[in-house]
Structures are given as C-alpha cells and as structure tokens.
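What follows are several structures.
Same chain, two partners: chain A is paired with chain B first, then with chain C.
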Partner chain A sequence: MDKTWNNKAWFLVLPVLVLVAFTAVIPLMTVVNYSVQDTFGNNVFTWAGTEWFEELLSSSRFWEAMVRNLIFSFIILAIEVPLGIFIALNMPKKGWGVPVCLVLMSLPLLIPWNVVGTIWQVFGRSDIGLMGYYLNAIGIDYNYVQDPFDAWVTIIIMDVWHWTSLVVLLCYAGLVSIPDAFYQAAKIDGASRWAVFRYIQLPKMQRVLLIAVLLRFMDSFMIYTEPFVVTGGGPGNSTTFLSIDLVKTALGQFDLGPAAAMSLVYFLIILLLSWVFYTVMTNYDAER
Partner chain B sequence: MNLDFSWMAWTWPTAAFFGVIALLLVGMGVWEYASPGGNPRVGVLRFETTRGDRLFLSLLGSAFIHLAWLGLVGPSLWWALALSVVYAIGVFRYV
Partner chain C sequence: MARIDVNHVRHSYLPNPQKEADFALREVHHTFEDGGAYALLGPSGCGKTTLLNIISGLLHPSHGKLLFNGRDVTNLSTQERNIAQVFQFPVIYDTMTVYDNLAFPLRNRGVPEADVDRKVRETLEMIDLASWARKKARGLTADQKQKISLGRGLVRSDVNAILFDEPLTVIDPHMKWVLRSQLKQLHRRFGYTMVYVTHDQTEALTFADQVVVMYDGGIVQIGTPAELFERPRHTFVGYFIGSPGMNVMPVAVEGKTAMLGSQRIELPGAPKAASGAVELGIRPEYVRLGRDGMAVSVSKVEDVGRHKVVRAKLEGRDIAAVIGEDETVPAEPKVRFDPAGINIYADSWRVEMGA
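For the complex of A and B:
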C-alpha cells in the first residue's frame, strides 16, 4: 500500500479526535482511575488497588446480573428473529400495502426508550392498565410489580414489541433485493414454498440476519431504560441487569470505586462482543 | 486558564498504565511509518489481521487474562503480566 502524503488530511480528522477525547478517552481514563481507589466524596481518594475487581469477580450479585442479561438476550433473540422473518415474508411486496406496512413497522422504533417503558408500565398495571386489568378480569393472576415471572414476561413482550420491527425491516430489505428471476426459476422447477424459503430467501437474507442478530444481541445486552422504567430492577433483583446494577452501585449507593470496576469489566465484555461483530461482518464481506 | 485535573483522581500506577498504552500507540505509528500497509496476513484464526488488529487482540486478551487471574488465583498480578506478554508475543507471531 502506498504512503499517504497529503498531511492536510490530519487537520480534517482533528475535530473528531478532540470530540472523542472529551466524550470517550477522558471519561474512560477517569473510570480507570476511580476503579483502583475509594472515595467518600469531596474529591478525596484513597488507594484500593485491585480490591474492587476482586470483590466484583467473587460477587454473586454481579454474576447473577450477568446470567440474567444473557438469558434475556437469548430469549428475545429466539423470539424476535423467527417472528421478524415470518412477518417480513408475509408483508406485501408491491402496491399500497407496502408503505402502510413500512410506516407501521417503523413506528415502535421511533418511540424513545423511556416512553416505551412508561407505555408498558401503565399498560401492564392491574388497576388502570388495559393489559393488566383484562388479564386479571379473565382470571389470570398477573402482577408484574410483585411476581418475578410476570415482570420478565412484561419486559420480554415490551422488547419484542419495540424491536421486532428492526428485524422485520432488515429482513424485508433482504427479501425485496432478490431478483424475480430466482422465483421464476423455482416456479419452473416446481419448488415448494419451503424450498423457496430454504434455498432462495434464507441465503439471500443471511447478511441482514447476521446484522440483525448481532445488533439485537449487543443492544439487549446493554438494555437499561425500559426495564428500569417498568420494574426498576424488581421485584427483588429479578430484573436487575448489569446496567441497572451498575447505576444502582454508582448513583444509588455512591460506591464509585466498585461501580468503576464493574464499568470496566462490562466495557471489556462489550468491546469483545463488538470485535466479534466487526470481525464476522468484515470476513463475511471478504468471502463474498 | 487554570486546568485542574484533580477530579480525574490520577494515581502514578494508572498514569503509568496509560503512558504504556500511549507509548505502544506511538510505537505502532513509527512502525507503520517505517513499514507502511499494516502487514496484513492470515494466521491461525483463518482471517486477515493487520498489526493493529494484533495489538488490539493482545491488549484485550491481556485484560481478560488479568481479570481471570484476579478471580481464580489472587491479587498478585506479576505472573498474569508475564502470561500476557507471552500471549501478546504469540498473537503477533501466529495470528
């Protein structure tokens, strides 16, 4: 590869470097500094070494939150991906139905996270919420404030409602890019509906599905606002995910040292996942 | 203008840590200047990596080695550091 001799390009990159320094590098350095110290406020710090990391790695609370996060991600992927494919396959490919469906599918994605949480918090209430009230009226004992199972069901349904559209839109984009010639050839060969899906549509959707799975996994692994607004991490700690636990430690208990250590471990996990995401994507492109 | 960074709670060990990271980045810059192109190759992971990728993998892997050592063995991290150096050499040699 040739050297780049146009050094003026560095000046164009400079604003981004300054911005990243202020929004990412300096906060990250501060978190690293906090993670090896203890403070009781007033900007007075005492050295703690690796104490917070040892405490964190032997903490059942941290590992339980991690397991909850992984289970949550697994469940929503298991629901959203097949459901997204199913809806995309059944959406109209031409006519007035296309824009209508696309707008309807886009609506949940346009709603801010905290508003989604508030909607479902009210929707699920057994006294005034449409869903909670009628579930109780037909004899189902539903109360997401007191029952961990109900809380999980509510959060999962909320996430499915909010984010399946993303999978649908990505799959739909993959489907409409398939040339008609493929379907005509399949028709001539007398291929069944399943064969068309298995050998034409699914392979053509592979790339967008990969993006959808990885985006949804990373996003669900970092979920905070919606479950925080709906359940606040409860009942008990049953819906306390890593991000909620982190905020409770940092802002609720003002334990900045342990919270910083937790942030760094969480950051490393996300960094690892991002690298896997980037590597899989770039290698898939290279193979094509 | 008085630039006060005391709120960042700097310590000598963390300053040394970031100093080493900065030196590594400068070193990679010099290496790239001397030998442009990033030396891409396909290693044991069966996909192409540049020397920047290999540094990233070394640093990320080292972080996890230190965490695993802290969680499984104990607070003395010198052996974890030695293991990380061996791991980084392995990454730069074979990945």
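For the complex of A and C:
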C-alpha cells in the first residue's frame, strides 16, 4: 500500500466541483430553503417548518397526479416494451434494409419534445387534424380537448410513437450480437420459433431490456413537455401529471413554498425508484 | 446412423455463379460410410464448413443431391434430417440448467418425459457431467460448455450423423486431448457416423479413420492417415500434412531417373505419362543426411524435441530433412533420397510409377 497521495489532483477536479455546485447543489439548496418557508412576496420570508410537506402529502390533488403518473408509466411500458421487441425481432439483420430501418426508427427520437407535442396536438384536432378529422369522419366521436379518455389515448399513442424506437434500437442491438451458431444449433435441436425466442433471443436481450425499461420508466414518470403542449393537463385535471402540477403551482400560482416541497418529494420519489432499479440490475448481474 | 452420399454437390454463396471461382464448393462427390469417422481437413476457406452445413441442411446446395441411406434429403430441413452438429464456439442455452440443456432437443421433439430423463442421465454420464446436472449452464467453463453442445447431439441416439465444426478451437490443449479421446471412445462404443471439420492435421489424423483433404473448394485426397503421409495425391496434401511439409522440387524425368539441376536421382520406377510441370516430392523423413549423395549447404538446425529438422539448400532450393535427436550434421553434408519416399507429380497431381 505504498500509495503516494497527491493532493494536487483536487485542484484539477475543482472546476467541475464549482460547476456542479452552481448548477445542481445551490439550486437544490434553494429549493430546500423555499420548502420550509413561506413568503408573501417582497422577499420577506417566514419560517413554515414542515407545513408544506404535510399539506402536500395530505392533498388529494398530489396523490391523484401521482396515480395518473403511475398508470401512465405502466401503460406505456406495457405497450412499448412488447411492441419494441416485436419490431426489433422483425427488422432485417443484413442487407440494404438495415440502414433504412435504423434511420426510420431513429426519426421520432430526433424530434424535439415540444415539436412532438405540437405535431400530435395538430394531428389530433378534430377540426383540422389529419387523425382527428378522419376519425370523426368515419363516425368515431374523438375529441381530446373535451373527452378525458380521448386525451389519454392521444398522449399514450404520442408517447408510443415517440419512444418505442428507443426500445427497438436497444433490443435490436442485443439481437444482432447473437452469433449465427446459436440459431443454427437451435435448428439442429429442433427448436420452435417460440423456443428460439424464449431461450436464445430473450436471454440475450435481458440486459438491454432492463436498461430500456429503466429509461422508459424514468422518462415517462417525469413526462412534462408533450402532454403540456397537447392537453395542457386537461380536460379538467385528467392529464395533469406531477410535473405539470408542479409547474402550475410554482409558476401559475407562485406558491414557492408548496412548489419547493413538491419538487423535493418528486425528486426523492425518482431517486428512490432509480435506486430500486439500480439495485435490481446490479443484483441481476451479480447473480450471473 | 446412416450412410451419407454427397452426389456431385456444388455450392456458391452468390445468387448467379458464373465462373468456377464463384463456387465455394466446386464439386464434391463422396460417400461417408455408415459408422465411419471422417475428418474434413483443409485450410480456412477451402469449403469444409460449407460442405458440413450442406450435410446438416443449414445450407441448401446450388447443385447436386444429398442422400441418407439412399433416400434423397436434399430438400429436407435440418430438423427432418435428424442430424447433430457441434459448432466451433460452444452453444448453450444460458438460462437453462445443464440437465435442461440436454433435454431440450428431446423435449422439442415431443419425447415422453420418462424417456427424456433416462436419455439425459445416460448422456450426462457419457460426457462426465452428472454432478453438474442441476447447475445453471452459464457458469461452466468453455470445455464443459462444449461438452454440453456435444451432449445435445449424443442425447438423440437415433441421429443420422454427428457433425463437428472445429469443436475444439476454444478448448485448452490439455482438454483437447481428453475430449478427443472421449469422442473416439464414443465412436467405438456407439458407432455413430461422425464427420469432423478441422484445419489441424494432428486433430484430423488422430480422430479419423478416413481423412478427407480439401483444397480450394474441392476434395484433393481421401485416405487413411498413413496414405496421406506416404502417398500424397496432390502437392498441396504434401505441404499441408506433415511438419515440416513435403519437399517439392521441379525435375526433369527420363525413364527411371529424375534430373534435379545437375543431380541425378534414381526413382523406384518409371513414372507413367509425366507431362506438364513435373515435380519430385519427398518428405523430410525420407531425406537421409550423411557423407554421400548430393552436396547441400545447411542453413539452420531446429531441435523440436523428438527430432531435429535440418534446413538446407540443394541446387539453390530449400530442402528440409529430419534427423534423429542424437544425430549431428556432418562436416561436408550430403543428402540421399530414400526411393520409398519419392513421389512424382505432374501439374501438381501425383503420377503412378511403373516397374
């Protein structure tokens, strides 16, 4: 253990530390600061203790948004993961089709989120939108501005359209890494198409799938831009997710204290869920 | 078990093969006898794996037919042909136990579970993994994994043939010997028809009764290890088999004499119809180094343990000779060719010698 300690190294990481302090730590501490105080403007603050937290955790509005978030994440995972696997399995593995498919798959991922929202906002409008107009024309009563169910369908389809590609690309990467010999051996062993999927393709995709599920869960749990652009959280509060609620509270009503408390709780929930996923993944790796 | 007839099989990976060079497999016409142990030996890219995959049905040949026991199987799928094949890299089903890996091919064919259990246990004994049955397959070493790949072939006792595609590439040298002798034992005990692809001559010669030497998409010689050594039909076989390979030098033949530059070499007989580019081939083992014969200049002596390899120049050409471990190179070295080891080649193919 003849390690030479060289404290000069600290100077080299100093710029990063300063940067992180300004971008992350100081804002975070500001939020913590707000969350335990009350203000009526004019920069006058009074101590509020845990009042905002108690109020938040006992408010039905918070829990309703939370449940909406969980339901939304669950639905899009239930659609995007199987659909992504299905598309990846059916993508060509060689030839000119590969770049074509990859580019087509990447397109939705390259579009900025607010543009995705705008696209679907227009696309779904029942007066001028391509989808909305024709759905109504064939007799389906579709109007996401007024009907909560239609609003949910719209943002779910939008999210599936936007993000299934990510699952596809990750699964595809897992699939192309399987050597041909595995498929040949499976033929020799007389394996059915299902058995090939169950015992060769799925085990090889397991790790990328975990990453895909993690990423999609986190992203969908923090979703803000797209539903905000499409429905603005409505009709009523039917598509008001935690992040939308947060912005409404903080910017709309300028209730800095409750908004700060909510940010912290929201942050802790995501931290907790990330930790759970991380633990599950590392345990899974250790088991191998 | 089955006799496998490969009838004028040609294969090209191109959709429209035009020239002879477009074919990965030029033309193979050969019968693998029932219960035989064959090795397909050749350098990389000579078409041996292509031939193997055609036999197992993973590839459909561009031309020609394949018969198992006289029945045309050319258009049958791999599964219908009932073939076992072991690949270069071990293929195991990671998430299954060793037991389930071996049971997999049987369960896929709807074999009753009682029979599956009996067969799997037998096979586990055979490949010496009985104590690992309940372990997950992914934790095993490379050679254990390869044994499982092998076991998945052996577990189906009714297979028509077992094909090996360089199965010992990833195995440690020590384990290579063990596995190879286990394979030989299995062959003796159960009489499977086995075809073994390799580019390693030691592996081919120790495994097989009949070695099929392939070169540039075709079969150049089929024979026992001794035949390949003594009477290589093609100069390629001479180079490829043996270490060091055969000495091949251009000569002019007149009757029972070959002229190598200014040297006259007595042949065991007069070659029949030696036209075209005539060459004389002699294995280093038949080159006698001593005080009489043709003068050579020795450039290097390599001691390989069992014997020494002498590298020398004869009439300006490289020549190798093998001498005993205790022998030394004389002061004015000369070489003689043992007539028993002389082969004459015309345009690279061996010509018979008359009296």
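What we mean here is this: the second predicted complex is superposed on the first by the 274 of 288 C-alpha atoms of A that agree within 3 Å, B and C clash if a C-alpha of one lies under 4 Å from a C-alpha of the other, contacts with A are read in each partner's own complex, and residues count from 1 in each chain.
In this section, a residue touches a chain if its C-beta (ideal position, glycine included) is under 8 Å from a C-beta of that chain, and two chains touch if they have at least 3 such contacts.
Only a predicted model underlies this, so the values are computations on that prediction, with no experimental measurement involved.
K.L.:
Is this a clash or a fit when chain B and chain C both end up on chain A?
P.N.:
fit
K.L.:
Is A:Ile270 touching anything from chain B or chain C once the two structures are fitted on A? First, second, both or neither.
P.N.:
Touch partners of A:Ile270: none, neither chain B nor chain C.
K.L.:
I want to verify the contact counts: of chain B and chain C, which reaches more residues of chain A?
P.N.:
With both complexes superposed on chain A, more residues of chain A are touched by B.
K.L.:
Once the two structures are placed together by chain A, how many degrees is the angle at chain A between chain B and chain C, based on Cα centres and rounded to a multiple of 10?
P.N.:
The three centres form an angle at chain A of 100 degrees.
K.L.:
Is A:Ile157 contacted by the first partner chain B, the second partner chain C, both or neither?
P.N.:
neither
K.L.:
In the overlaid three-chain picture, which partner chain does A:Lys187 touch, first (chain B) or second (chain C), both, or neither?
P.N.:
The answer is second: A:Lys187 touches chain C but not chain B.
K.L.:
Which partner chains sit in contact with A:Leu57 here, chain B, chain C, both or neither? Use first/second/both/neither.
P.N.:
Touch status of A:Leu57: first partner only.
K.L.:
Pick out the closest CA atoms of chain B and chain C after fitting on chain A and give their distance in Å.
P.N.:
Least C-alpha distance after superposition: 19 Å.
K.L.:
Going by the contact rule at the top, pick out the chain B residues touching chain A in the complex.
P.N.:
Answer in residue numbers: 6-11, 13-14, 17-18, 36-38, 47-48, 56-57, 60, 63-64, 67, 70-71, 75, 77.
K.L.:
List the residues on chain A that touch chain C in their complex, please.
P.N.:
Where chain A meets chain C, its residues are 179, 181-182, 184-185, 187-192, 195, 199-200, 203-204, 288.
K.L.:
Please output the residues of chain A touching chain B within their complex, sorted ascending.
P.N.:
1-3, 26, 29-30, 32-34, 36-37, 39, 43, 45, 47, 49-51, 53-54, 57-58, 265, 268, 271-272, 275, 279, 283, 286
K.L.:
Of all residues in chain C, which touch chain A in the complex?
P.N.:
So the residues of chain C touching chain A come out as 53, 56-58, 77-79, 83-85, 87-89, 91, 93-96, 104-105, 108-109, 138, 149, 152-153.
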